[in-house]
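Paired with chain B in one complex and with chain C in the other, chain A is shared by the two complexes that follow.
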Partner chain A sequence: MQALEVLKISSLSETVLKSLSQNRISTLFDFLDEEITKLSAITKLDISQVLAIRNEIFAKFSAPLANGSSLLVKSIIHKNKLNTGIQSLDTILDGGFPTGYITEICGLADSGKTQLCLQISINCVKQSDSNVLYVDTKGDFSAIRIQKMLDAYGCSPKEMALIMFKIKVVHIWTMEELIDFFKHLKKETIAVEKLSMIIIDSLPCLMFQHLGDDSKIGLTFLNTFVNYARYLCKELNVGVICVNIQTRWVDMDAADLDDEADTTDREHLYIEKKSRCLGKYWSHIPALVIKLDKVHDSNSSDTEQCSKVDVMVVKSNSLTNFNLKCILNICDLGVT
Partner chain B sequence: MKRFNIFNSTELWQRQTSLPSIPTFSRSLDNVFGNEGIQLGSITEVLGLPGSGKTQLCLQLCASIQIPKVLGGLNAEALFIDTNTNFTVSRFIEILNASLTKCQMLLDTPIDIGKDSSLEKLHYVKTIGLEKFCAFLYRLPKFMEEHPNVKLIIIDSITFPFKEGISAKQRTGLLFRQMADLQRLTIDKQIAVVLTNEMSTRIGLSTGSVVGALGDAWSHRCNKRVLLSTDTSPSNRLALLLKSNDSPNTVGRFQVTQEGIRDIE
Partner chain C sequence: MAEPKFVIESGMQLLARLTKKPNIENFYPILFKSGPKNTDVIEISNDADTSWLLIDMISEALIPNKVNDSVQVLLIITDGNLNYELFLNVLRSKISNRFSQSNENIRHIETIIQETLSKLHLIEIFDANQFYVTIHNLDNILMEHSNISLVIFNSLTAFYWSEQSFKITKMDLYVKNLLQIIQKFIKEYKITCVYTRPQYFISSNTCEGQSSSYIMVHQYQINLTYHNDDIEMYRVDVKSREGQFTRYFKITDGTIKWTVEY
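On to the complex of A and B.
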């Protein structure tokens, strides 16, 4: 909470502030929490002055009002889409990932989430002089893979170095560290210049550490993280991409079992469901969710070292058409 | 205040390529794990049914880590965390001697490889039960400080301590906490971690009902997952890369011989 000094009101002189802090009133919240008559007695200001200060605090620190036209101007000035550099993906995303919002990429293990993230970070720094921050929570960031992708693409060593220099990586191992790191970014005690995107690979890896914990401290962390991430999104005008995972659950279809157990194939008795992790709270947070699904193609898997991934938009706050699909190829060259 | 190190990827590339990988003595298997074997700074999970060669591979790696620097090896030490008493020292000596003899043959001038001193380079911990396992992992950073030349940690197997006495949710939470600590060590100190995992059955999955144990969430955690299985001939084995952060999913072939892991001729 912010200290009273930030107000810079003439009636709150140094002597007044001193006597307030002697009564353990040092933050804005302490001030608002105290009875007016008591405040008046401590500060030796009359009640109307105290009320004026209170109003000042509310006016300055409550949520600001904006109207439609000013919001429109703002959205036009700011570039609001981050090109992914992958044509088919850009088409279904109507230009790319949104800046100012949280995007989620989810999928099962080995569905290409990390590969897509690596490719997006390459493409993003290649097109502009901006930097990408890659928050690595499970040691999956492979600079060797990035170098191989650039090599296969035909970049010279100098170009490679230039591109790789603009991809910044930070290793984070716990939720506390992640929140601490975002706090520093907010306060600008840690600054990355010309930042255009923050990629977190992956969030469940941190959140699962709090699984089975009765205190529900994990949810508190998640909520704090979301608040910081949203602030940074808007303030720095960057896109935040979180990697989420999917797990599979198998249900037995009981109705089928009774009625037509003889006619249906045994395979159909089981229903496989895939669900996004991180719980109900998180499921409402991202503005855009894309789902990756590996295509198991028995015909061409061994002959070429290429795998196909189905990409689908599951949730979006701006696209009118969802459930759009495209297919990406992951091979030596990267993701195309 | 805790310091956060922000690297750019060129720095990381230099770090990741500055040290050699740990070879498996089978070129085909090396290709599955990476270019030249198990990369330092990563966690690799080896899956397989009983008898598919998981422990054999672990023993081979403990021997491979001792390859002298002149041959492009690491000349380092290994730590073997044994949770299900699969380790046999006589088998390890067999593989170690065969590996060192092979190194000798490649060198013109014989180097001094004392058999006793090479056995000293294996640190062995037997942890029975979840408490001992957790307690040892807790002390692991201290152990690494005292033994800076340890470059490989084997946990055989990760599943066994979690067999009973813990709910599924708590198990996942604990595992992820332990892995985060372990990963911090692997990145900071540039060491390789190899875990073995068992297979379990989930009926009704579309991709086949025999899957790695510890659930779907766990399957994301390791940087690389390799599935071992037997082939037509009893000594031949297949290795399939199930997940990797830097290479496409390939299949390798190798055999388990008297001397350890070798290519199929």
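On to the complex of A and C.
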């Protein structure tokens, strides 16, 4: 909570601030929460002066009130979907990723999340004059990988250069850095022109550094990041896409139910469970969650550089039907 | 001897406080029957996305009816997930269905949509600082817009973790403290308040499904879950002083369809 000093009002002199501080009133919230008559007595200011300070706080820090009619205008002006350029995916997403909201792409390791993000970045900048901001937290963003994908599409070196120029990459290693970067984007001290999408690949990489932390500082960071991300979503009308990972484990309890069961039967009793990382708080954050599931094809050889991936919508704030599915062919040279 | 306490208010405040509020009662009978009354507090705890339910509720409160067409709604958005496009579609669909079948169809549907939307007030909040200041500013907002009868917080808990440092406030206590501030305005301006909180947002010493210490302020407690067995269905458990019951809804043709049984 911000300190009263941020107000910089002449009536809030050092003496007044000191008197307030001695009465444990040091933040904006403390000031607003206290009775006006008591504040007047503590500060020796007139009630009208106290009211003026309150009004100054409201004017500077209260969120603006908008009328519902503005929604109609916004719906006409703003583009509300970001076409992914992958037809089957756009079909199940009813046109693409939503702008103005946080989307999560989750899946087990090696399910093709990064490759999908790279493909979406390419398609997004290819079909419009907008830019994509790619936040790489794993340190594995490869321009050569993108170049190979573009080469496979038959892009000329000039087209390649233009597409790669429009994908802005930033390497971030901690949650503090991510928050600081988003803070700069909010304050416009770092500006990316014509920004349409921010991809964070991946969020758990940063959050795992705080795993098992008793003070829950990781959650404080995550909440602060979410606040900034939401602001950017709404104010810049961009789509923020966060890559999350799934973990998988075998539930042994089911297998222990019958010790007499033979090996084959036992195998049937094992229950494989998968869950999205980042915990309960995060589970309520994204407006859209899509899950990638690699299809294990016994006929395919290990040398093949392609894999089939089931894509499923598991959460949405607008789609009527969840559990819509499509199959993507994820290859080193592109996603179709 | 204790100091006498004075409540100072302007003529405007007094007028706003004493003005008769548009009636919100009976606006959503499937869940609130003949209620809710002014000053009632409704909690919606959710495991599933609340967008559909809230959008349906807000639309029903705003769409003009025979009883009252001047109800205004204040929507305070902190979790940012309410889909405005979906809201406009639902509102448009409801208005078209309702007014094309009556004599009201002389009025242009678009005009009714615009009039209906003008009765909605929106506040989008992006951090804890802004949240607290805005809550205190409700006094001015409700005074200025005296026809607001329903205030919806979606959600009340969006900034909880960003406020925690080494000493963590219990989740129940956090909600209780916020409700204490809000209730002052609810009572003063005679408004109905709806707020959402995620289902997990409950102190560890409070058993699931059990009322926590702050429950006394609620007139309705609603629990929303999503079931995805053979058919996709939302389950809504309603607890009120009059008793408890369960309703289900599914989304068909872009609107909510309620059923009593699963």
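The working rule: the second predicted complex is superposed on the first by the 254 of 336 C-alpha atoms of A that agree within 3 Å, B and C clash if a C-alpha of one lies under 4 Å from a C-alpha of the other, contacts with A are read in each partner's own complex, and residues count from 1 in each chain.
Definition applied: contacts are C-beta pairs under 8 Å (C-beta built on N, C-alpha and C of every residue); 3 or more make two chains touch, one makes a residue touch a chain.
None of the values given here were measured: they were computed from a predicted structure.
Contact with chain B, but none with chain C, is seen for A:213 once the two complexes are overlaid on the shared chain. When the two structures are aligned on the shared chain, A:312 is found in touch with neither chain B nor chain C. Applying the stated contact rule after C-alpha superposition, one finds that A:68 touches chain C and leaves chain B untouched. Of the two partner chains placed by the overlay, neither chain B nor chain C lies in contact with A:42. Contact with neither chain B nor chain C is seen for A:324 once the two complexes are overlaid on the shared chain. Once the two complexes are overlaid on the shared chain, A:227 sits against chain C while remaining clear of chain B. In the overlay built on the shared chain, the residue A:166 is in contact with chain B alone; chain C does not reach it. Residue ranges on chain B touching chain A, taken from their complex, read 2, 4-10, 12-13, 15-17, 41-43, 167, 169-174, 176-177, 179-181, 183-184, 186-187, 202-207, 215-217, 219-221, 223, 225, 242-243, 245-251.
Within the complex formed with chain A, the chain C residues making contact are 5-6, 8, 49, 51, 62, 79-88, 113-114, 116-134, 136-137, 140-141, 159-166, 168, 181, 198, 200, 228, 232, 251, 254. Within the complex, the chain A residues that touch chain C are 1-2, 28-29, 32-33, 36-37, 47, 54, 57-58, 61-72, 74-75, 80, 98, 100-102, 215-216, 219-220, 222-224, 227-228, 230-231, 233-234, 280-281, 284-285, 287, 315-318, 320-323.
Within the complex formed with chain B, the residues of chain A that make contact are 108-110, 114, 133-134, 137-148, 161, 164-174, 177, 180-181, 184, 190, 192, 202, 204-206, 208-213, 245-248, 250, 252, 269-272, 277, 296, 302, 305-307, 330-332.
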